[in-house]
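Think of it as A, B, C, D and E in the order they're written, each chain with its own count starting at 1.
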Amino acid sequence: MLMGIVKGMVVSTQKDEHLIGTKLLIVQAVDSQHKPLRDEEVAVDAVGAGVGEYVLLCQGSSARNVFADPKMPVDLVVVGIIDKQPGD
Amino acid sequence: MLMGIVKGMVVSTQKDEHLIGTKLLIVQAVDSQHKPLRDEEVAVDAVGAGVGEYVLLCQGSSARNVFADPKMPVDLVVVGIIDKQPGD
Amino acid sequence: MLMGIVKGMVVSTQKDEHLIGTKLLIVQAVDSQHKPLRDEEVAVDAVGAGVGEYVLLCQGSSARNVFADPKMPVDLVVVGIIDKQPGD
Amino acid sequence: MLMGIVKGMVVSTQKDEHLIGTKLLIVQAVDSQHKPLRDEEVAVDAVGAGVGEYVLLCQGSSARNVFADPKMPVDLVVVGIIDKQPGD
Amino acid sequence: MLMGIVKGMVVSTQKDEHLIGTKLLIVQAVDSQHKPLRDEEVAVDAVGAGVGEYVLLCQGSSARNVFADPKMPVDLVVVGIIDKQPGD
């Protein structure tokens, strides 16, 4: 998984039906010192995360597991909000 | 998922039978400021996207979920058209 | 998916039994201007592609879908031959 | 798989229910000379690894296989503690 | 898939039970000219490969297919030994 910061939201009216009702967050992966890593990506929120929060991201097919709908076309999901870790 | 811009189309007459009838789009991943990221890739369209549109891309095995045919050999799909986001 | 050029073939006599009879191609990913991207990889041919051809590549678990044998240990497959696209 | 060093832990109180009770480790991938590779990532521990230990990491959907719960949203797992290898 | 050279072995006594009895090889991906690509990774051997051999590597979930045990937490497997190819 990756650590990341939520930077904003994406609004998409015309989208796959399985994505209707999801919250799409723009996230920036960071290391334990909060240094930005990689490029911005879009993650589906599964824990009620908001802009500026420090989160835990799950990638790939495992990311689908947090949703009841197995047809969800998602490859990155916010699976936790990080409280505290060494770099804080 | 990734944000991207549709740059063109790919035409392939001789292809796997499960891809017949799909629209193959050349896409460029971008960040929220529309800055190009990574290299060009090819995505299958699932939402009626056209050249120049700003889209949401799903990668990997989850990308297959938007199609009725589970044998579709696809690893990148346009799953939404982005209306508006912070960098716009 | 990726666009690529077939550069050669790999011969492997001692291999996993599910790969027996496959054609293993060395491929170079390229963009729509045919500029090389990433490093060389090896793809299994599913469409009768030859050296020098411009092809469409599917990555990951979806790549297995084009073969009847679900135990095929492959992660990259040539799923189409590209006819024509913007950079040609 | 990757070789890595455990650098710390992540604490997340608000997380997906399938992650409750897991130990989340900050890991740094390294080569056989212990030289850092790639960026820090977060792995779920499956073998009782601690900070400073030299470990074996499994990525992607295969990483879920070590847990009894098939709904675990994990993409990186510590699957072994490395005893000894050429660079030691 | 990737071409690679076997550089050594990893010994891990304390590991996930599904990995017991496997041979863990340190591999370096290479191109057709044998030039090193990417960083070192660890692959499970499925074909009896030894140090110095030039091999074919399968990544991701497809890599699990070569083993009888579907719970194997592996993401990279040596699926063939390469005899000969253009750069040799």
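The working rule: a contact is a pair of C-beta atoms (placed from the backbone, for glycine too) under 8 Å apart; a residue touches a chain by one contact, two chains touch by 3 or more.
Since we're looking at a predicted model, the values are computed, not measured.
**Q** Distance from the CA centroid of chain C to that of chain E, rounded to the nearest Å?
**A** Taking the average C-alpha coordinate of chain C and of chain E, the gap between them is 19 Å.
**Q** Between chain A and chain C, what distance separates the C-alpha centroids? Give it in angstrom.
**A** Roughly 32 Å, centre to centre.
**Q** Could you check chain C for residues that touch two or more other chains and list them?
**A** Each of 60-61, 63 in chain C touches at least two other chains.
**Q** Take each protein chain as a node, join two nodes whenever their chains touch, and name the resulting shape: line, ring, star, complete or other.
**A** The chain contacts form a single closed ring, each chain touching exactly two others.
**Q** Name the chains in ring order, counting from chain D in the direction that reaches chain E next.
**A** Read from chain D toward chain E, the cyclic arrangement is D, E, C, B, A.
**Q** Under the touch definition given earlier, write down the residues of chain E that touch chain D in their complex.
**A** Against chain D, chain E makes touches at 7-16, 18-19, 24, 26, 39-44, 60-61, 63-64, 70-76.
**Q** Which part of chain A faces chain D closely enough to touch in the complex?
**A** Result: residues 1-3, 29, 31-32, 37-38, 46-48, 56, 58-63, 65-66, 77, 79-86 of chain A touch chain D.
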